[in-house]
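Order of writing sets the chain letters: A, B, C, D, E and F. Residues in each chain are counted from 1.
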Amino acid sequence: MPDTSKTGLVITAHPGDFVWRAGGAIALHAARGYRMKIVCLSYGERGESQFAWKTAGVRLEDVKAQRREEAERAAAILGAEIEFFDAGDYPLRVTEEILDRTVDIYREWKPSFVLTHALADPYNFDHPAAAHLAQEARIVAQAAGHKPDPNRAYAAPPVFCFEPHQPEQCGFQPNVILNITEVWETKRKAFEVLAAQKHLWEYYTRVALNRGVQGGRNSGRPMTYGEAYQRLFPDVVQELG
Amino acid sequence: MPDTSKTGLVITAHPGDFVWRAGGAIALHAARGYRMKIVCLSYGERGESQFAWKTAGVRLEDVKAQRREEAERAAAILGAEIEFFDAGDYPLRVTEEILDRTVDIYREWKPSFVLTHALADPYNFDHPAAAHLAQEARIVAQAAGHKPDPNRAYAAPPVFCFEPHQPEQCGFQPNVILNITEVWETKRKAFEVLAAQKHLWEYYTRVALNRGVQGGRNSGRPMTYGEAYQRLFPDVVQELG
Amino acid sequence: MPDTSKTGLVITAHPGDFVWRAGGAIALHAARGYRMKIVCLSYGERGESQFAWKTAGVRLEDVKAQRREEAERAAAILGAEIEFFDAGDYPLRVTEEILDRTVDIYREWKPSFVLTHALADPYNFDHPAAAHLAQEARIVAQAAGHKPDPNRAYAAPPVFCFEPHQPEQCGFQPNVILNITEVWETKRKAFEVLAAQKHLWEYYTRVALNRGVQGGRNSGRPMTYGEAYQRLFPDVVQELG
Amino acid sequence: MPDTSKTGLVITAHPGDFVWRAGGAIALHAARGYRMKIVCLSYGERGESQFAWKTAGVRLEDVKAQRREEAERAAAILGAEIEFFDAGDYPLRVTEEILDRTVDIYREWKPSFVLTHALADPYNFDHPAAAHLAQEARIVAQAAGHKPDPNRAYAAPPVFCFEPHQPEQCGFQPNVILNITEVWETKRKAFEVLAAQKHLWEYYTRVALNRGVQGGRNSGRPMTYGEAYQRLFPDVVQELG
Amino acid sequence: MPDTSKTGLVITAHPGDFVWRAGGAIALHAARGYRMKIVCLSYGERGESQFAWKTAGVRLEDVKAQRREEAERAAAILGAEIEFFDAGDYPLRVTEEILDRTVDIYREWKPSFVLTHALADPYNFDHPAAAHLAQEARIVAQAAGHKPDPNRAYAAPPVFCFEPHQPEQCGFQPNVILNITEVWETKRKAFEVLAAQKHLWEYYTRVALNRGVQGGRNSGRPMTYGEAYQRLFPDVVQELG
Amino acid sequence: MPDTSKTGLVITAHPGDFVWRAGGAIALHAARGYRMKIVCLSYGERGESQFAWKTAGVRLEDVKAQRREEAERAAAILGAEIEFFDAGDYPLRVTEEILDRTVDIYREWKPSFVLTHALADPYNFDHPAAAHLAQEARIVAQAAGHKPDPNRAYAAPPVFCFEPHQPEQCGFQPNVILNITEVWETKRKAFEVLAAQKHLWEYYTRVALNRGVQGGRNSGRPMTYGEAYQRLFPDVVQELG
C-alpha cells in the first residue's frame, strides 16, 4: 500500500480521457516521484471505440479487452497504476459497489490531489457521472462511521477538473494552467497508443500548445505545452506572491 | 420506417406540453413535409388532469385513457405521429427500457432536430427528466457498440428546448424565435382539444403573440405569432447574413 | 392533525443542520404560534458524528440512538415536532417510500413555508439530496391523481433554503434575512445540546451576528442576530413598501 | 415637502417606461396613500417618438413638449408627481448635476421603495444608465459628508427593477410579483394617453395577464393582473410565513 | 454609397483583431458578394506594436502609419473596405463624435450582420469598449429623432461577437461556428501581413482547426477550418431543420 | 525605487478597505520581506466618516486630514507605504491623470501580486471604480508605446480581489484563502486605529475567524484567522500537489 510518498488520483470515464486531458499532469507528477493512480470506470467499449466496431461481428468482450490493453499501455507510459471498474459506457452507471471501492481508494491513497471530468458535459453524460463519483467518494471517505477506524487519518484532497472536448459548452472555467512542457514527449507517446484516434493526436497537441501560450501570457514566463484545469475548492495558501 | 424525408422528434413529459410549447413547430414542419414524431412519456394522468379527478371514484386507467385519446387527437391535428411510454407522472421515472426505446427512435428517425423541455424546472421535475432522457438517448445513439451495425449512419441532431410555463424561473434563455404565424390556426385548434384547460388557451395565445412581437423586433420583419426556443448546441453555418 | 393554526416545515439531512442553519426560524415561528415540524432524513450517524466514532467498537445503532436523542432534545428546545426517516447518511439515499411519506406530510401540514438545504453543496451531497426531496414532494403533493381526494385543498408553499457552511461555494444567494434576535437565547440553548461540536457553537454565533449586521444595513433598522435564506420562488405581494 | 406619509420613487429613462412597466405599482401605492414621485430622465424625444418624426420638419422641441405633456397626463392618471431632467435620449447621458439632484430627491422623499430599470438591456442603453443613476444616487445619499447636516436621518430604500421589454435578454430575474388587479383600469387608462403606441397597449395587457397567472400559481391565490419586479437587495423580515 | 448588395460591418479595437478573429467571415462574405466594411477604432499603436517600439526613438506617428498600412493591406486581401477612427489604444476612449460617425455608418451600410468583440475581456479593456460602441451605435441608429429623415428605413442587424484570445476568461459562449474552409488560404495570407506577430499565425491556425473539428462534431458534416461566434440576440427563423 | 525585493500592490477606494479586507495580507507579506505599497484613492471623507460629520460645522479638509492621518498610521502598523490620490468619494471619479500615475506605479513596483476590490458592489460604487482602475492600469502598463522604453521589462501580475462587506451580494467567489494567523495581532492593531468604527472591529474579527475555519476545512490543516480572496486570472503552476 502506498503510504509514504505523495500520490495523485485520476478518475475517468473512458481510457482516452486520461490521456488527452490529464496525460501531462500524470506524467509530470510521476516524474517527480508521486505515485499516480488512474481509476478508469469503463473501457469506452461502446461509445469510444468506433474503429473496432467497423468489423462486423466483433464481440463486446473483444473490444473491451483491446481497449483495456491500450489503456494499460498508455498508463504505463505515463507512469501510473490503473484500475478498471467495468461500469459500462453509453451509459455509464455508477453502483453502490463502485462508490464503496472508490471510497477505499481515497482512504488508501490519501491523494494530494484528484483529477476528474468537468461537472457538466452535454455531449457525454458518462463524464459528469465520473466527476460525481469522484466528488461523492471524496465526501464519504471523510465519514468516521463508514468502515470506522479510530486510527484513520484522512483529509479530503483538492479536486481539479480536466479540460473537456468543447470547454465552453461544458461550463468549464479554467483557473489553473499546468506547465507540462518537460513531459510533453511522454504525453505524446501515450497519444500514439490510441492508434485509432489519430485525428485526436493533432487536436490535443493544438490544445496543449494553445494552453501553453495562455500559460505564458498569464505568468509572464514562457511555456510551450500546458494543460488547463478547473480547481473546484478554494486554494488555501500561506503566501500570495 | 421513415427514411427519405426530413423528420423532427419531440420528447415531452405530458400531453399538454407538446401542444402549448411546441405545437407551432410541429404543425409548421408537418406542413412543410417533415415527418414529425412525438414521444410522450406519460399521460399526465396524475398531475395534469385536475379536472378528471374532481369526479369521486374515477380510476387511474380511465384518466389515462381519456388523456391518451386527447393527446392522439391533438397530435393528429398538428400532423404528427405519437408514441406513449406510460412512464408515470408526478413523479416521472425513466427506466433503462425507456432509454433503450428512445435510442432506437433516434436511430430510426434520424431527426433533423429534436424539441424537448428546458433543462430545469423547479415547478415540475418531470420536465427536466424528459429533457435528460432526450439528451442521454441522443448521446447513446451515437455509440457504435450499442446494438452495433457497421452500416448504420447516424449524426446527433440539434436540440431545441421549448418554453416552460415560467421561463425566467427555469433559467430558460430563448435564442431562437420561430415564426408560427402560418400555422397558428392549427395550433389553436389543438389547444381546443384540451377542453379542461381553457385558461391555458388564453395564456399560451398571449405567449405566442408576445413572442411574435419579439420576433418582429429582433428581425425587423413583422411577425404575429412566435414560439421561443433555446438551442443547446452551437449552430454550424455556412454564412452569417 | 394540525389544521387550524399556521405551520412551518423543515426538511434536513442531518440533525445539526436544523439547529445551526434554521434554529432561529424554528424558534421564532414556534414562539408566534406556528406549529413547526422537522423532517430529519438521517441521524448524521456516519458522517456527522466524528466524536462518537473515536470510541473503538462503538456500534452504528448506538450512534444513531445518541444522535436521535440529541436531535429530539434540540427540537424540543426550539419548539418543534421532529420525525426521522432513517435514510442513512454519507450517502443519504431517498427512496420512493420516503418521497411518499413526505408528500403526505406536505398535505397534512399545509405549511405556510418550507425550509431546506441549498440546491448545491460540493462538500456534502446529502444536503442537495434533501433539498431535492423537499422540492419533489412539494410538486407531487399538488398532483390531484396522487392518492386522489376531490375534497382536498392544497397549495404549494414558498421554499427557503437555509445557509450552508460555506455559502459562496454552494451558489447560495441570500435574498432574505430573518431577524432572530428575540429567540437567540433559545437557538443558543439548542446549540448546547450538540455538546461534541463546540467549535460550531462559536462559528454559527459569528454567522448569526454578521447576518444581523447585514440585516441592519439592508433595512436601516438595527438587528443583532440574523439568519440568511434564499427564497426560491417569486414572492407574491400586495404592496412593495 | 413630503415628510409625513409613506412615499415611493420611480426613476425611468423615458415616459413610456413608467407606464408600461410600473404603472400598476404607481397607481396601487398612490391609491393607498403613498406619495409617489416619478423622475423621468428624458422625454424619449429621439428614440421613443417614431410617430412624431414621421411628420417632415418637426422640431425636437415640439416633440419634447408633446411627449412631456403626455407624460404629465399619464402621471396624473396614475396619481404621481413627475419631474423631468431633460438628459437626452439615444443616448441618455447622466451628468454630475443630474446625480446631485437625484441625491437631493432621495433625501427629501425618503422613499419606502425605489422602482427603476433592469441593470442590463442590450436593446436600449438608456435603461441601464437610468438604473445606474438610481443606484448611485441612493449610495451617495447615504454619505454624511455630502451636503452635511448632522440632523439628517436617511436610510437607503429597497430597489425593485421593473420588467424590460424582453426580460430574458436583459438577465431580468423576477423575484416579486405585485398584484395590480385593483388598479388595472387606472393603468390601462394611462396606456391610452400614449396614443401613438397602441400596439404596446395590447402587448403590456398580455404581460400583465400572464404575470397575473404566474402570481396565482406562486401564491395559491387567484390574481388577474400582475407586475413582475426584481428586488436587488435582501428582504429583511420579521417572519417568513 | 452601397445600397443594392448585402453588406457586413466589422467593428474592432485594433488591426490584428479583424484578422485573427474575423478574417474568415470577412473573406467568406466578400467572396459571396457582400460588401464588407471594417471600422478599426485605433491602429493598435501603443499596445499591439511591441516590435515597433523595440527601436529606440521611434515616433508614435511612425508606428501608427506602419500599422495603418498593414491594416489596409490585410483588409484588401480579405476583400473589405476599412475606415480608421484614430481613437487611441491602451486606453481606447470612445467620443461622442465616434459614436455619431458609427451611427451614420450603420444607417448607410444597413449591414446584414455586425461582427465585434466579446462583451468582456479582462486582458484588454479596449475590446469591450469597441463592443459597447458597436451596440450603442446600433441602438442610436434606430432613433427616428437622431438626424431625422421620414424616408429612412433601418432595422438593427444581428450582432456576433468574435472569439477573444482566451475565450473562457472573457465569458465568451460560442453558439455559432462558421465554416471558413473555403477562404482559409485568404485568411492565412492576411495573417502574413502581420509580420511581427508570427507566433500568432500559428496560434490562430490552431484555433481555426480546432473550431473546425468542433463544427464537424456539432453538425455531423466534416469541416476543416472554423471561426466561433457568439450571437447576442435571438435568431428569428422560419424553420428549425 | 524598489527593485530588488519582491513587492505587493494594494489599490483601494477608502482607507478602511485596506485594513478590514487586506490588512492580513499586507502585514504577512511585509513580515516576509515584501515591500508593500497601498494606493488609496480617496480619504473616505464624505461617505466613510459618519462620526466626523456629527460635529456641526466640521470642514471637508479637516475630515480628509484626520482620515489621512489614520490611514498613514494603519499603513505603518501593517508595514506598508501609502500614497493618496485624493480622487474624492461618494462618488469616486478616476481621471486620466490617476490612471497615468497608477500605470507608473505598476511599472516601478513590478508587483508580484495586486490586491483590490471585487468587480461589483451594489452598496458602494467607489469599490468597483477602484477595481476597474487596478485592472486598466495593469493593462496599460503592458503597452510598449505608453512612455516607451525599449529596456523596460514588465509582466502583468496576478490580481486578487479582497472580500467585500456582503460577499454574496457582490458576486464575490472566494477561490483563495490566505492564512493570516501569524499576523493577526498586527491586523487587529491596525483595526484599532479606526477608532470611530469599533463595530467593524468585531465584524471583521468574526469574518477572519470564520474564513479561518473554512481554510482549515479546505486544506485539512488547522487555521485560526484567514482572509478570502478571488483570484481573477488563471494560476500558472509547475505542480498540482
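Please note the rule applied: a residue touches a chain if its C-beta (ideal position, glycine included) is under 8 Å from a C-beta of that chain, and two chains touch if they have at least 3 such contacts.
Quick caveat: nothing in here was measured; it's all calculated off a predicted structure.
Chemist: Chains in contact with chain A and with chain F: which ones?
Modeler: Intersection of chain A and chain F contact lists gives C, E.
Chemist: Determine the shortest chain-contact distance, in steps, between chain A and chain D.
Modeler: 2
Chemist: Copies chain E and chain F touch; is their interface built from the same residue numbers (over half shared) or different ones?
Modeler: different
Chemist: Just the number, please: Cα centre separation of chain D and chain E in whole Å.
Modeler: Chain centres of chain D and chain E, defined by C-alpha means, are spaced 37 Å apart.
Chemist: Where in chain F do residues touch at least two different other chains?
Modeler: In chain F, 123, 169, 174, 214, 233-234 touch at least two other chains.
Chemist: Go through the chains and record each pair that touches.
Modeler: In this structure, the chains touch in these pairs: A-B, A-C, A-E, A-F, B-C, B-D, B-E, C-D, C-F, D-E, D-F, E-F.
Chemist: Flag every residue of chain C that touches chain B in the complex, lowest number first.
Modeler: Contacts found on chain C: 99, 135-136, 139-140, 142-146, 148, 150, 232-234.
Chemist: Enumerate the contact residues on chain D facing chain C in the complex.
Modeler: Touch list, chain D to chain C: 6, 8, 25, 28-29, 32, 34, 112-113, 115, 155-156, 158, 160, 174-179, 214-215, 218-221, 223, 228-229, 231, 233-241.
Chemist: Going by the contact rule at the top, pick out the chain E residues touching chain F in the complex.
Modeler: 45-47, 49-50, 52-56, 58, 60, 63, 89-91, 122-125, 169
Chemist: So in the complex, the part of chain A that touches chain E is made up of which residues?
Modeler: 123, 165-169, 172-174, 199, 202-203, 206-207, 209-210, 213-214, 217
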